Amino acid sequence: MSKPVALIVGAGPGISIAFAEALVKSGYVVGVASRNLEKLRPLAESVGARPFVVDASSANSIVELFQSVEAGLGPPDVVLFNPSARIRGDLLSLDTAAAAVAIQTTAIGALVTAQEAARRMLPRGRGTLLFTGATAGIKGFARSSVFAMGKFAVRGLAQSLARELGPQGIHVVHFVIDGGVVQGSEDLELFTPRAIAQSYMAAIAQPKGAWSWEIELRSNVEPF
Amino acid sequence: MSKPVALIVGAGPGISIAFAEALVKSGYVVGVASRNLEKLRPLAESVGARPFVVDASSANSIVELFQSVEAGLGPPDVVLFNPSARIRGDLLSLDTAAAAVAIQTTAIGALVTAQEAARRMLPRGRGTLLFTGATAGIKGFARSSVFAMGKFAVRGLAQSLARELGPQGIHVVHFVIDGGVVQGSEDLELFTPRAIAQSYMAAIAQPKGAWSWEIELRSNVEPF
Amino acid sequence: MSKPVALIVGAGPGISIAFAEALVKSGYVVGVASRNLEKLRPLAESVGARPFVVDASSANSIVELFQSVEAGLGPPDVVLFNPSARIRGDLLSLDTAAAAVAIQTTAIGALVTAQEAARRMLPRGRGTLLFTGATAGIKGFARSSVFAMGKFAVRGLAQSLARELGPQGIHVVHFVIDGGVVQGSEDLELFTPRAIAQSYMAAIAQPKGAWSWEIELRSNVEPF
Amino acid sequence: MSKPVALIVGAGPGISIAFAEALVKSGYVVGVASRNLEKLRPLAESVGARPFVVDASSANSIVELFQSVEAGLGPPDVVLFNPSARIRGDLLSLDTAAAAVAIQTTAIGALVTAQEAARRMLPRGRGTLLFTGATAGIKGFARSSVFAMGKFAVRGLAQSLARELGPQGIHVVHFVIDGGVVQGSEDLELFTPRAIAQSYMAAIAQPKGAWSWEIELRSNVEPF
């Protein structure tokens, strides 16, 4: 039997790479994709994943990514959508054209990724589709309206798809990452990518009979 | 003292016109705006409101609307953003380009409207900014992922702005309209525009000391 | 036609008396009930309400209250349940017997009040049943576990009854009071009983076609 | 090093026994407690757990249970509170005395269990405290007001304790079990105790750096 395949859209030196590493250790063939292939390559190599290029603000680019991954690794069993464009500032200071691009990347990028993933999972009646969200997806903070719009939109998408695709065998999970992720450490007592990735792995291991559609994660000392 | 001014963006024969009528009866000068001026004119006249044209999918068009309203009626004290583009269908059947336009209209349209409203309200330290939302903004239904994305995004925007603008005197309210609105009736025992508009009027009457940022409305027989 | 009747269970110098005053001004005959009749009497007189005695921790006492009110004023059209026993402290410091009494007062008191109110409203197919809740009913704070239990329980009760009694014509509303109420002032720009009572009055005026089951209230400067 | 100890309060032939079995297989010494020792004994033996007696409606009985467990097995590292008294029926049909007993069992039982668990975990700065909740704890259904009160109360307690005890090293988790659990099957594709217990085990394995305070579980075909 061939190895299962995972694809991480919007990979960088954080949760996505820690998850890629855990997937590789569990026997997955893993593709990781981001805009800057040069930056991604050493990261990918360090965990044994295959680097791909993608511009999440472009639907065509996402479509092509899935074609390349399918050709190179096979159809993905696990797909994580990770990118989010963060724009901050008072309402009056916001550039609404930049806001539109941010929403396009975050929300439409998530939709296209979901579509391409489902296209390959539905015929086989199984697969896992993960979204990295944030507290901003359940609580709209002041001076963060565009980030709130994008993260709320992704959460709405994930919840809708959980209802739509679940009965067809696709497990959709939305992660609510609460707090600043501590980079450059592997300490499981801190809110590190590695501590977080453990729950991503637990989510993909949930049996069909008992799924979570949303998983909120924070360190034990994070106020909420 | 001059009359207060209200502007309804995305007016049609439903909640928006019933609200316009109630505002006029309470002494407001009311502008109502929609894409099709010919269809809007008789509706506007029937309730004593002034018709304006706007294409909510265009930021420029919204900016121009506010300029016209300010020149013709004065700076608005109350602004309602009402439009929403509804796309339904299985994930695989969705046209992602159409989805992007829908999000642009619903979410970015709401953002630009908020910005133009706040630009005129903040200097005076008061004003009310209303958003018509739906149950789809708090519950993502199957085969309705694009509608969920748009309505979740508007809710995230409204919540963020409630936190940001409230302390500066601007009351932001997000309405959750639950259930199919019964058109063509004025029966207050049914989920009619007129029954709903009564709570829009109550919201704008809330004193600064006790505001609601979200108001959920449904008929007494609507299951939830 | 005789005047409508309102009953406030757990009245004190705050929201309940401000609401009683607003009801009297709107033409209601109002009964207000609390444990200490001596303290209540001058408050009741000051707003034109009739004082009654009740011990909300005793089901029998609540049953007797409704009998007295029905005999003296008629069956109530509007009933507000207001009491809550507040116990604070670290988990290990809590007296669990006192906690049980607090839950009995807050949650079972609310249930018995609802039952006695519904007993008199259902035969007429109308009425309004209000609960004063708090942010503690939607967010369980540290060192406030007993208060959280009581307020969550009341919210669960209210939501269940909104679903159960709504189709039978009884409007059930749960208020989420967020922030410290400013006593001894009538300033509508502060979180005063009078500012809050305005939304209680708006709730009982909602037509059957467009009800809210929950209304969250906070001052414009309250962080949330 | 001695084996870790787990205690399940309110054990029966469902989630609790499946969880006990998984704990035993992972190397825990497990105590299971319920009212009827005769019924419990063969269940406990079948999974290698030690049976204890407890009446969850009595604070004293819970206190004594923890003393017995501590004496016999050692202080527990993991405690699950499982019982809930289910009373259904129209508001007017409810026996409020029975409702009070149900709340005492469900909510005060949970509080006393939490207190006894924390008393033994806080000095060691670690431990996991689990609550089995239900959809009724986040949605109050019609004709289920007493069940809603109890389950909302337990959720409020759990959320408050997650905030209070988390920074002191105690992991508090509230499970939302959505749907009818399929008894008598071990099929991981159905909503069976065994499928559910897998997520209980994943929760206790979460590292301190990335905890969930609430985990919602349902089968892939359960509508929500």
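To keep things simple, chains are lettered A, B, C and D as they appear, and every chain counts its residues starting from 1.
Just so it is clear, a residue touches a chain if its C-beta (ideal position, glycine included) is under 8 Å from a C-beta of that chain, and two chains touch if they have at least 3 such contacts.
None of these values were measured; they are calculated from a predicted model.
Q: Do subunit A and subunit D face each other with the same patch, meaning over half of the contact numbers show up on both, or with different patches?
A: Because over half of the interface numbers appear in both copies, subunit D and subunit A meet with the same residues.
Q: In whole angstrom, how far does the Cα centroid of subunit B sit from the Cα centroid of subunit C?
A: About 32 Å separates the centre of subunit B from that of subunit C.
Q: Where the CA atoms of subunit A average out and where those of subunit C average out, how many Å apart are those spots?
A: About 45 Å separates the centre of subunit A from that of subunit C.
Q: Which subunit A residues reach two or more other chains?
A: 163
Q: Looking at which chains touch which, would you call it a line, ring, star, complete or other?
A: Graph shape here is a ring: one loop, exactly two partners per chain.
Q: Provide the residue numbers of subunit C that touch subunit B in the complex, in ascending order.
A: Per the stated touch rule, the residues are 163, 166-167, 169, 171, 182, 187-192, 195-196, 198-199, 202, 205-221, 223-224.
Q: Could you please specify the touching residues of subunit A with respect to subunit B in the complex?
A: 59, 90-92, 94, 96-97, 99-100, 103-104, 107-108, 111-112, 114-115, 118-119, 122, 136-137, 139-146, 148-165
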